[in-house]
Every structure is written in structure tokens, then in C-alpha cells.
Amino acid sequence: MRILFLGDIVGHPGKQMVEAWMPKLFDHYQPDLVIANAENIAPNGRGITSRLAEALFDVQVDILTMGNHVWDQKDSLSYIDSDRRIVRPANYPAGTPGQPYTLCKVGKEQAAIINVLGRSFMGDYDDPFRTMDRVLDEIGTQAKYIFVDVHAEATSEKYALGNYLAGRVSAVVGTHTHVQTADDRILPGGTAYLTDAGMCGPYDSIIGFTKEPVIQKFLTQMPTRFEVAQGAGQLHGVVIDLNDAGKAVQMERISITPDRPFKV
Amino acid sequence: MRILFLGDIVGHPGKQMVEAWMPKLFDHYQPDLVIANAENIAPNGRGITSRLAEALFDVQVDILTMGNHVWDQKDSLSYIDSDRRIVRPANYPAGTPGQPYTLCKVGKEQAAIINVLGRSFMGDYDDPFRTMDRVLDEIGTQAKYIFVDVHAEATSEKYALGNYLAGRVSAVVGTHTHVQTADDRILPGGTAYLTDAGMCGPYDSIIGFTKEPVIQKFLTQMPTRFEVAQGAGQLHGVVIDLNDAGKAVQMERISITPDRPFKV
Amino acid sequence: MRILFLGDIVGHPGKQMVEAWMPKLFDHYQPDLVIANAENIAPNGRGITSRLAEALFDVQVDILTMGNHVWDQKDSLSYIDSDRRIVRPANYPAGTPGQPYTLCKVGKEQAAIINVLGRSFMGDYDDPFRTMDRVLDEIGTQAKYIFVDVHAEATSEKYALGNYLAGRVSAVVGTHTHVQTADDRILPGGTAYLTDAGMCGPYDSIIGFTKEPVIQKFLTQMPTRFEVAQGAGQLHGVVIDLNDAGKAVQMERISITPDRPFKV
Amino acid sequence: MRILFLGDIVGHPGKQMVEAWMPKLFDHYQPDLVIANAENIAPNGRGITSRLAEALFDVQVDILTMGNHVWDQKDSLSYIDSDRRIVRPANYPAGTPGQPYTLCKVGKEQAAIINVLGRSFMGDYDDPFRTMDRVLDEIGTQAKYIFVDVHAEATSEKYALGNYLAGRVSAVVGTHTHVQTADDRILPGGTAYLTDAGMCGPYDSIIGFTKEPVIQKFLTQMPTRFEVAQGAGQLHGVVIDLNDAGKAVQMERISITPDRPFKV
């Protein structure tokens, strides 16, 4: 079974890159399950709308994961709550709208997709480690394939969670930094691990945003309005192959930028 | 001119990897200048000692950069202050011991090596942007090649500094996260950029440290003693080619792990 | 019923102040229950030892609360776990040693004493709000008087928790900043509230520590060894009167310093 | 010479309290210089407008200090820059609009008023310690009386700065936490010190804001809109007496709340 995962989709340029490349990626990789992190797809780079989610489903993305920006578009709250193809971070407190994980048919088996937030340099969420224990317990034997999107800042926390889950899930892939890491590896027990999948969005930017205001913010420490950059796009993600036991056997990073054309 | 840069060397396993691989890397890449980040080379992964610095110089590393752990071995303070081959972060306050940058002969030209700390999620250092302005001003025309090691956590701050310096320095390479990123690119103006070079140290670890205590720290929130992990090593770095004008023309990431043997 | 609470006792000077003043405070206030925060009583200002706890019990302190430094003296872990007169923060994860709250006979009734950590600018503890819900649920009708020591940094979090608990507990008193606040008030529902009780320790100090190294730390950003200051002491706390329904009816701050002698 | 200082004025209720009480405070204390922190006076509790500043000047406030919210009302930027009665934090980077300190005639002498931001748990500002050195150097002998508003979160940083400036300025008074501390003291060298002056604003609130949304924010970790609370007000500040050498000789905290009427 093959999973294609795309990292944080940022704004309109991110959506365009995904729409433009999904057919080619589909052809080339023939994935059985496509997951994308869509926490930044709104035009201002913060949150999601139902219309944008539908656009991703239209190009054969199966499941959307989120992150710390999940609630930034207030009017999407009910949508996120109602659509089982959208997974919000599992470690928001009990009673939070939305699904902390979702199950999805893949052939004759089921896959579980989980999204969880780190706390280091992030926010006061519930413990991601114990949350994962609880969610995996709840999923039990319902899913043969388990994919975890760890939306976190600190490499130590991501590695700790990856190793904590090694042998218990099929894959642990990080998001949030918007920069792909080069440390893809299969951890003991057959768990594919990658600290960050990277982003889909504008290339000439600072993690998706127009460069000048971000630099000004650092220089002036004054309130600054950030906007999603325009221009040529980049797309980042990872392809993971699982065997019939749900163990990862192979993984390959995808990085498409104006400097690094897709090699078919 | 070719620069070989090695990311954070962690403990004895990191030192061993560098000692074992430097001859082969030297043969293969034939660098004109070798720089390594040595902020974690002490046995406990924090700071440096004169003996360990000498060991690196013995295997043809020319210049050592540091980071937030620069002062962790108290007795090395005078050593760091006296040896011009060691560069401490430039944005410690005025009056701090050590060199905020160093000049180094490369053929008939000079190279300047600068180390600077980020502030996001880090500490209360001086502004790295204005510090770079000041240091570059001081270097002036003394150096044709300028290499900057940005020791920082946040991808946004690293990209902002990279773009702020684009066209003004030869290379901006990040350290500190201990995980190599896959976003090597030549920014406009001929500045090689990489968000993080990654680490040199034990492979079966959490960013260099024994896994179990780090996981326990996240699980218990109690004081925990971390130690550098043992076992097979990994080595990460980057090779950057500069033209006679000091502009970057090519770069190649190095990643050697038990899973990813060095392909000569 | 009258409660006397003393804020963070810092080092030997803090212990001495409490030992010297407890007889006079006892005479003057005639409290029915004496509680003290002892997270800083160890000689270096971090944690507690069994010997020091016993010294406080010897001068008629009934119950000790703790804080983020609770585990800093490693060898006291089993002691904290075994002595029911010591309360550790309730929002450490499940499975943590020590009592998250304790019950204590006061006349014919019982008092519950709870210690809880804030998260803002602190650490990745469990949610203090839901933890309080759970603990109060567990205590149920066992205690008529309920005292909560909120060990936290941010005034917003302390006020939020105070108001969240207003009418459900007898008193919410803050600790951790080592500076007494002047905002004592009875919140609606009969809950005594004070953002911070202040510290017991050396007066000529920076929140209990020798001034020069703390200033040097801010000036140099280098690792610095802090030590508890010596010299004349200060003592801070609060006296709270509860009626037979466990509601706060009156409160009075105590502040004894060399500049502000105790007025009997 | 007598200074009256009022802490963070929050929203319309804060403005109303100041307008209502200034005549009585003036009568009672007969201050020679009135300073108020106005960083929260805008209707939403963030920043200032020219109209609101004028309203304060109309009731005999002489000088306004600010804080981290200084730039939150974008259209007030030019106003802050042009009016010498408004002091912005001195440790914004070089080139920032506004005055880092101001001089003000008091009888035949001059007073200097300085506003400086802490960095602990705050933001990436310039070093407040060295900034103070530089500003004091610049002021030189122009001012006999020097008042410093330290807008900071951490008690350790405020005490460190207070002690760093002891004997060099007339007074160091903190703001930002919106809760008055009870630790007023004259430091060696004749420097009046108070960790926080407290706020002027609505009493039934969480540091000025409607309680329910703030509690919800802590409970849900979701984006929440805060608004300044309404209802009965509180006013906090401090009165400091300086001798002819500019040394503090006496200080008195002011705390007026519905529970604590002003005792004339």
C-alpha cells in the first residue's frame, strides 16, 4: 500500500501547485491514499474554508490534516466538525469540535490518519504522547495502516514522538516548519519517519510569506501584516510504501521547486 | 573555491565520525576551507574543550563555529578567547570574550567566517540582523569569501536572515536543530542557503542524545539527565563552490548514515 | 476558621525567617491551619529535603505546597511521595509520585489543600483548569475548606483560574513570582483571591538570590551560577478567615521586611 | 518634588477612572509631575490614539509612557512620533519612531522620563540594561529627577534592572502585569522601586478584559476575541517624593477599588 503525503499547503499558490501536480504525481506514484496538511490553505495563509477543502478533494486528495492554524477561519468551524475527511489535532482538549483521527477505506483494509500538535515552542495543548496512546487504543484493530502527522516545531519533540510510536504506527511525518528535512528513515519496528515534509506554496518567500514584511518584522519588532507570496511554486511531500502488515518498507521524499524540476 | 561545512558535532561519537570521515571527504571533495560547528563536542554534548578543538584541527578542520552552548564548559572560556580559529556567536553583547568573526587565508584571498544566533525560541541575544550589518561593515573588503553559520531554531528567522544577507555574503548555512534540511538553494545575488546542515553524532538517538531519557522528560516533565548516545554514527554537512567573485555557484548536501552509505 | 499561608520559602534565610516568626504569627493570628510553599527551601533555592520539611513541621506548619522546583532535589522524591503533608502540583501527568492534593483535619471538619501549576511561560503541564475540575470532583464533600496554591507566572492565568474556581473553593492564592501582590479580594461566591503571596527569604536579593550574578546573567547571557542571598530576611503570606460554610469572609496580607516591621 | 504615577490605563473604563479621580488625587497629593502608562487606553485595550492622549493631558497628566502595545493602533504612529509628551520604550531598535525618553520642566529643574521593555517572556527587544546605560549617558546632567517605567513580565528582570539602576535614577516602577505589587521600597542610593504599579480599568475583569472569553481561551486553546470589560473601575499607582538631590525619600502605593475606597 502506498501513501502520498503533501506538507503544509500555503495560500493560493500552494493550492495551485497541488492542483497542477496531483495528476502527474498520481500517474507517477499511483498512491492508494493521499493525505495533505491544509492548515495554511486560506488566502491569508491561516486556516481552511470548505470551498478550499473541496478543491483538494476534487484533485483526489483523500484526507486533510491540520495544525495550530486549524481554527483561524472562524466560519469553517462547523465544516471542520462535520466533514470526516478533515482531521484536527488530536490533543486539543476534550469537547473540541472536529475529528481527532479518522478512518478511511483503502482497498479491503482501513487506514487511520491522526494529527497531533507538539508543545515545545508551540502552545498549551494536551500531552501529545499520552494522547497518541489513547487514540491508538481507541483505534485498536480497526486500522491496519496508521499515519501520524506530527505538527510541531522542535526536532527533539518530533524525534521523541517518532521513537515513542516506532513499531506502533506505520508512519510519523512532521509538518509546521514549512521546510523539508532530509532525514527520512525507517525506525525499528517498521515506522517511516521524517521530521518535516516541507510546504506546498510560493518559492520566492519566507516559509510562504512575502519576504519584505517578515524581514521588517524582525528588524522593527513592530506589528506587521504578513501576506502569502506570489510567483512560482514549490511542492513538498513524501511517498511511503507499507507492506500487508502495515509496516513501512520504503519511503521517498518529493521536492519540486523551480530549481529542482520533477524527475519522472 | 570550495568550502566544506560540517554541522553540530555531538560528543565522542560525533568526534569519531569526523575523524574517520575527514580523510575520505578531503580526498573526495578537495575543499579549500573546512569549517565545523563544534558547540556540542564535549562528552556531555555541551560546549567544547581545547583538547577536542585540537583534535578537529588535527584532521584538517580549519575553523570552528559555535552556538548557544559555547560557554557550557567553563574552563574553555580563556581558550575560546585566545584561539582565533574558534568563532563564537557574533551577537553576544559587547565585551564578550572570543571572536565574533575570524579571517582565514584561502590561497591568495581571505575568507571571513561568522557565527550568529537566532532569537526566536532561543535567548535574549543582540539583534542578529543589525549585528550582521555591523560585522560585514567591519570586515569590509578584507574578505572575498564570507561564510555565515546561523545557529537558530525557527525556519522563519533563518530564511529572513538568509534573504537579508542574499547578495552580501557567499553562504548562509543554519545549525542548531541537528536535523539536515533538504532546501539547499542559491539565493539571488549568489548566496548559498541551507536552513540546517544537520549533525555529526550518534544515529540511534534523539538529536544526539540517548532516546529513553528524552522520551521520559516529555512524559514526566521531571528533571532528567540527558547523555550523548553511543553506537553507529551519522555525519551531515554541505559542500559549497564559490567563484572568484565570492559568489556561490553550486552546493551539495552531505548525509552519511548507516542507512545511507557515502556514495563516492 | 483561619488559614495562615506563607509564600515560597527560599533557602536557609527563608527557613530562619519562618522559624523565627512562626511563634509570633501563631500568637498573633491564632491560625487553625498553617500552609507554606516550600519549593525553594533547599540551600540552593531549588526543591526540598526531608530534613527541611521536618523543620517546618516542627514550628507548626501543617501542610507544605510545592511548585515547578518540586523535583529538583532528586533524593527527596521518595520522601515527597510518602509524606501526606506535602502536596505536589496536581497537574503533573498521571502516574507522577506524590499527592496531588491532601486532606487535613481542622477541628471537626476537613480541609483540602491543592497545589497547581500554571502553563503560561512555565512548562508543558496538564491543563490546570480541567485538573482542578477533576480534583474537586474527587474531593467531593470530604472537605469543607478548600485552599488552592496556584503556582504560576502570568497574572492573566492566575486571575482566570481564580475566577474559574470562584464559589467552588475557599481560597485561591498564587505563588512563584516571589513578589507579593496587593490585590487581595474576595471573589463572588466567597473565594479569597491573591495573585501572589510573595516570598520568605533574604531581603537584599533578586527574588531570593544574590544580586550580582543575576544581573551578570542578564548582562552577559552566559551560564551563571545563582546562589541564595544572605542577610536580613523578609516574610510574606496571607491570613484568610473562612465561615462555617467554607466561604472566605476576610483576608489580610502579611509583609514583614527590614523596612516594614511587623505591627502587632 | 512629588511624582504621581498611574499604571496601565485600560480602555474606556480606565480612562473614566483617571478622569474621575485625577482632580481628587491632585488635591490630595499635590504632585509636581504626573506620569501615566497609556499603552492600553484604546477601546480594545491595545495602543493609544491622539484623542485619548489629549484627554489624559486635559486632566493634568504630564507625560505618557507606553509598552509592548505602543504600535497597536497603526494610525497613531505619526502622533507618537511627534508629541514629546509620549515616551515609547527606549529599547526598540535604532531608527524607531517616537522618543526613547523625554525631558520635562518641573519647577526650575528638569525631569527625565524613560520607558523600557523587559525581554523575559516578552519579545526580542534590545538589551534593556545597556539601553538604560546609553540613555542615562545621553541625559547626563540635563535632568535632576529620573523616572523609569520598566514594562516587563518577570519579577527577576524587573528587580535586576531596579538594582542595576539603584543610585543612578530616582525611581524604577514596573508596569505590564496589570496587578499592583506590595513591594515598594527605597533601594540603596535613593531609588524608589516597585515591581508593578497595577492598572487603571474595570475591576470585575481579568487584568482588564471580560472574564468569560479569557477563561474560554485557556479552556479551548482556540482563537478568542478579548474585549475590555465594563462596570465599576479600579485605579492603581504610586506617589514618590524626591529630595533636592533627586533621591527618593518616600513612596506610597495608591489602590482604589470598589472594595477599597480611597481614604482621604
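By letter and in written order, the chains are A, B, C and D; residue numbering begins at 1 in each of them.
The criterion applied here is as follows: a contact is a pair of C-beta atoms (placed from the backbone, for glycine too) under 8 Å apart; a residue touches a chain by one contact, two chains touch by 3 or more.
Here's who's who by UniProt: A, B, C, D = Metallophosphoesterase.
The structure presented is a predicted model; accordingly, all values stated were derived computationally and were not measured.
Undergrad: Of the pairs given as A-D, A-B or B-D, which one copies A-C, with over half of its contacts the same by residue number?
TA: Repeat interface, by the over-half criterion: B-D.
Undergrad: Comparing B-D against C-D, which pair counts more contacting C-beta pairs?
TA: It is C-D, judged by the count of C-beta pairs in contact.
Undergrad: So how far apart, in whole Å, are chain B and chain D when each is placed at the average of its C-alpha atoms?
TA: Centre separation, chain B to chain D: 43 Å.
Undergrad: Just give me the whole-number Å value for how far the CA centre of chain C lies from that of chain D.
TA: Averaging C-alpha atoms per chain gives centres 29 Å apart.
Undergrad: Where does chain C touch two or more other chains at once, residue-wise?
TA: Within chain C, residues 93, 124, 127, 130, 218-219 contact more than one other chain.
Undergrad: Along chain B, where are the residues that touch chain C in the complex?
TA: On the chain B side, the touching residues are 71-72, 74, 92-93, 96, 123-125, 218-223.
Undergrad: Mind listing the chain C positions that touch chain A in their complex?
TA: Residues in contact with chain A: 93-94, 119-120, 124, 126-127, 130.
Undergrad: List the residues on chain B that touch chain A in their complex, please.
TA: It is residues 121, 127, 129-130, 153-157, 159-161, 163-164, 177-183, 185-186, 195-196, 198, 206-207, 211, 214-215, 218-219, 253, 255, 257, 259 of chain B that touch chain A.
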